[in-house]
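Letters are used for the chains, namely A, B, C and D, taken in the order the chains are written, and counting of residues starts over at 1 for each.
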Amino acid sequence: MSSPFELTRNITIGQYLVRNSIIHKLDPRFKLASFAILLVGIAICDSYIGNLIGLFLSIYLFHLASIPVSYGVSGLKPAIPFMIIIGLMQLFLYKEMSPDNVIYWQLGFLEVSSASIKIVIISVLRFMQIIFLSSILTLSTSTTEITRGLERLLSPLQKVKFPVHAFSLIITIAIRFVPTFAMEMEKMMKAQASRGAEFGTGAWWQIIKRTTEMFPLIIPLFNVALARGEDLILAMEARCYTPGSSRTVYTQYKANGNDYVALLVSVGIVFVLVFIPYPW
Amino acid sequence: MNQPILSVKDLTYVYMKSTPLEHQALLGVNMEITEGEIVAIIGHTGCGKSTLIQHFNGIHFPQTGHVMINGMDLTKPKLDVKSLRRQVGLVFQNPEDQLFEKLVGDDIAYGPFKMKLPLEEVRERVKWAMEMVGLPFDEMKDRATFALSGGQKRKVALAGVLALRPKILVLDEPTAGLDPKSRRELLEKIKKLNQEEGITVIFVSHNMEEVAYLADRIYVMAGGKEVCHGTPEEIFTNPEIILQHRIGTPETVRTLHRLHEEGYAVNTGRFRVEDASTEIRKLLPE
Amino acid sequence: MVERGLTVRKIVIAGVLGAIAILLGVTRIGYIPVPTPAGNATIMHIPVIIGAIMEGWGVGMIIGLIFGVSSFLNATVVLFKDPLVAILPRLLIGVFAYITYVGLKNFNQYVAIGMAGFVGSLSNTILVMTMAVVQNYLVPGAAIAVVLTQGIPEAIVSVIVTLAVVTTWKKLGPSGKQKSKIS
Amino acid sequence: MANEPLLQVEDVSYSYKINSKETLQVLTDVSFSVQKGEYVAIIGHNGSGKSTLSKLLNGILVPEKGQVRVKNLLTSDRTQIKEIRRTVGMVFQHPDNQIVATIVEDDIAFGLENIGVPHDEMDARITGALEAVGMSEYRYRPPHHLSGGQKQRVAIAGILAMQPECLVLDEATSMLDSYGRDDVLAIMRKLHENGMTIITVTHHMNEVIEADRVIVIAEGKIAMVGSPREIFMRQQELESLHLDVPDCSRIAKVLHQEVSSFNATAMNPEEIVSEVKRLTHVNQEESKS
């Protein structure tokens, strides 16, 4: 019998898998940039062939990263019911006014046309690629690296007074405290349960009752978080942190050949996906 | 009437079973506690003591082995968890974090209200619980919880558990982080609950002065098992156990052990300041 | 005391509330079981609203971004695998909540906080649904139905939670001579 | 060059606003100074004002009345605040709430980045600081996998890397278990031996035994100042301030009452043992002769 209180088990932020692959070793700046470029390509590409190529390439990336494809597939599974619903809606409700759109079936405002079939299939393919790509990114890059990479990528924005470092510091703090709060929450759930707490007992329409029933968890969670925040403010000030003042940087990345290759290949793939006029 | 109120037999527990993070927390614990006792459970961080005490009120259930509490078998599938939790009150570490009602009285009344008791009875229980922990009922019940000091908040949290009227009170590090004054007050209240109300107390602690002050018996845990148990005097006189399990000892005991090492004949288990003084006095010339 | 830009306080509050937004998203605590088409009302956007009330729209926007990205990364529904639906609308929750709060706070603190909770929550639903229509996931009729059946209960939940958390933290507390239930 | 104190607190008063009308006076006319290399313990029960006092030492709070000087810099001078805070480093009570980053080494780098330490120098400083607290093997770990005591050691390393001249520990051991506390106390001892100025704020009497000087704070004022030995002798006064005396001091006192030649100022097991030895030895000598 497993305990209902093992919260930490369900936390999947930072699913980082330690491997020694080419993908893992990429400079996070370049990895993030390549990821972004590929996403844009996938979002624009609306041909069957282009999307199939994209799907094939994203599966190949798992191989490159020495990560079993099953990790990506498991990300797809929970989405299937919703995909079916959305797919059906698009299938019957999507309308397009174009001369070569063939309508196969029609009933009232419902219609199935060549355009609606295409949009369903393309959406499914696109969705799979996006899931696979983001899985590879999060499985091969630690959250720390993602944050650092993001900070460096955004650093040109400093010129227009965008507080890049403060921004990445916020994200770092958020990621840093998720496991802490999760443990806190776990303790809180146990403690309130021992005092007889029950959740979701009111009649289904009693919104207020059902909400206030969660108070024993929600209120302490926010209180503890904000109280910790107060402490952290002092600790950061005591360590000479002043927002906006100049600072040096500890982790420095140096891009090597592989990184540039990765970027170029990504641009190449986008070109292949978007600019080649495929027949379908 | 020598039936133990709580008994643990060959209890094992594995966290996150069948995941990569699997972690064996308990490897066959045995324990017997008699009604009216105060028992301390001590041991290094990660020895399994928190996991063990969370079995006592149905937060965890035995994976293998048995836990019997006041005649209830925790391995039975149709266990009435609610009734178990009324018999065993569990106070977690830093329990003041769990206060959520704006008013002291409301927070303490949370448990009794959840038991669907009539208002009159709830009030009686809150009043009793507050007085047991040393919070005057009339003066404190309408106070705002967030305006209290750390020590007072902890008393409110303890009262919130006491209001369930448990037979057994289980506390995880009850005085951690309190200042000496609040610490002493809280320890006195716990002792009073045991002596006047007959509540069986089980507590986990790192503070050996506190263990020496409260406990009738000590269980020492290490690596997911109980390694020995006995009265404080028995445990503190045993230098092997102390060394092997890195049990911190009260300063009094440390002094007596030092004297013992120097070849003086002293009883090393005399942990109270007065007793230790008497013990040393015997060595000195008239 | 008006301090410009991001102070240490703003950075830290945004960080810890962002952590709560992530935590609520990856565990079940973020869902309150009340009757809606989804089967529950989410409170994941409430840290955004609270951040905006406490530290202004900028902080609200950043927590909104964290919430959005986290819901994008954790999305199991295709709708939220689209950053335009998952992230963009979330940036504005805090802005709406903040404007509401500032507009009403001189009238009455409690009303201001409650309304900020309501407006912030409803803007979340409306903006997400708008983007869903724009991006062709839903037809306008379905989106309006969702706003009414999911958005309204969520907004009510949001009012209750926001009020409770903010008044506790700001120590607005029991106004005057409130008595406990057992008196 | 006269022996200029590292830290000077002069007639400092401080009060908190409870609401628009009421204020709560927490410190009244407190004065003391700390010399370089000194080990000072500030002790008092909760609400005595000791935590406020510690926050005045590096300019987190600025005195309402009076002044605080760090190496002759006024903490009220906000342009000097960075210099003041790199001179006086501060470790807080809750180990979890002072770690900013997701990896131990990044957290230690945080302070270094803030004070603009060049990149080439950082690595050596991080290595040194982690070694000083015995946490080198945890350099690449995320902090949430560490125990409370280990986190606190990381927090200390984060300050040490900034190479302060004085370390203030604001109840830094109160959330730790006994092992964690012993580890932190051992680090403090070692740092002090190497010349670091240490100010520890605590409510545990047995943590002040090693201090050169103890300052007892009660109701916002300095109630007693002296060596630990002098302070422990005033057992009744301490008890009236809700402060404990170490058990060994109490034993020594009891024994002194019965055997007047027993030194009443013994305050740890070693000193008790040596007193017993001295007296029994004398006794043996006497019986021989």
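To be clear about the criterion, a residue touches a chain if its C-beta (ideal position, glycine included) is under 8 Å from a C-beta of that chain, and two chains touch if they have at least 3 such contacts.
This structure is a prediction, so every number in the text was calculated from the model and none was measured.
Touching subunit B and subunit D together: A.
On a Cα centroid basis, the chain most remote from subunit B in this structure is A. Interface comparison, A-D versus A-C: the higher number of contacting C-beta pairs is recorded for A-C. Each chain gets a centre from the mean of its Cα atoms; for subunit C and subunit D, those two points are 43 Å apart. Rounded to whole angstrom, the centroid-to-centroid distance between subunit A and subunit C, based on C-alpha atoms, equals 20 Å. Spacing of subunit B relative to subunit C, judged by their CA centroids, is 41 angstrom. Counting partner chains per residue, subunit C has residues 168 touching two or more of them. Counting partner chains per residue, subunit A has residues 169, 172-173, 175-176, 180, 215, 219, 223, 228, 232, 236-237, 241-242 touching two or more of them.
Counting partner chains per residue, subunit D shows two or more touched chains at no residue at all. Judged by the touch criterion defined above, the protein chains form a pattern that is neither an open path, a ring nor a star, and not fully connected either. By the touch criterion given at the top, residues 55, 58, 60, 82, 85-86, 89-90, 92-94, 96-103, 105-106, 109-119, 122, 142-144, 155, 158-159, 162 of subunit D touch subunit A in their complex. On the side of subunit D, the complex with subunit B involves touching residues 45-47, 147, 174-175, 177-179, 182, 203-206, 242-244, 246-248, 250-251, 254-255, 258-259, 262, 268-270, 272-273, 276-277, 279-280, 282-283, 286. Across the complex, subunit A is touched by residues 5-9, 11-23, 26-29, 32-35, 41, 43, 47, 50, 62, 66, 70, 73-79, 81, 136-139, 142, 153, 156-157, 160-161, 164-165, 168-169 of subunit C. Within the complex, the subunit B residues that touch subunit C are 102-106, 109, 113, 119, 122-123, 126, 141-142, 144, 146-147. Interface residues of subunit B, counted against subunit A in their complex, comprise 15-17, 19, 21, 54, 57, 59-61, 63, 82, 85-86, 89-90, 92-93, 95, 97-100, 110-111, 114-115, 146, 160-161, 164.
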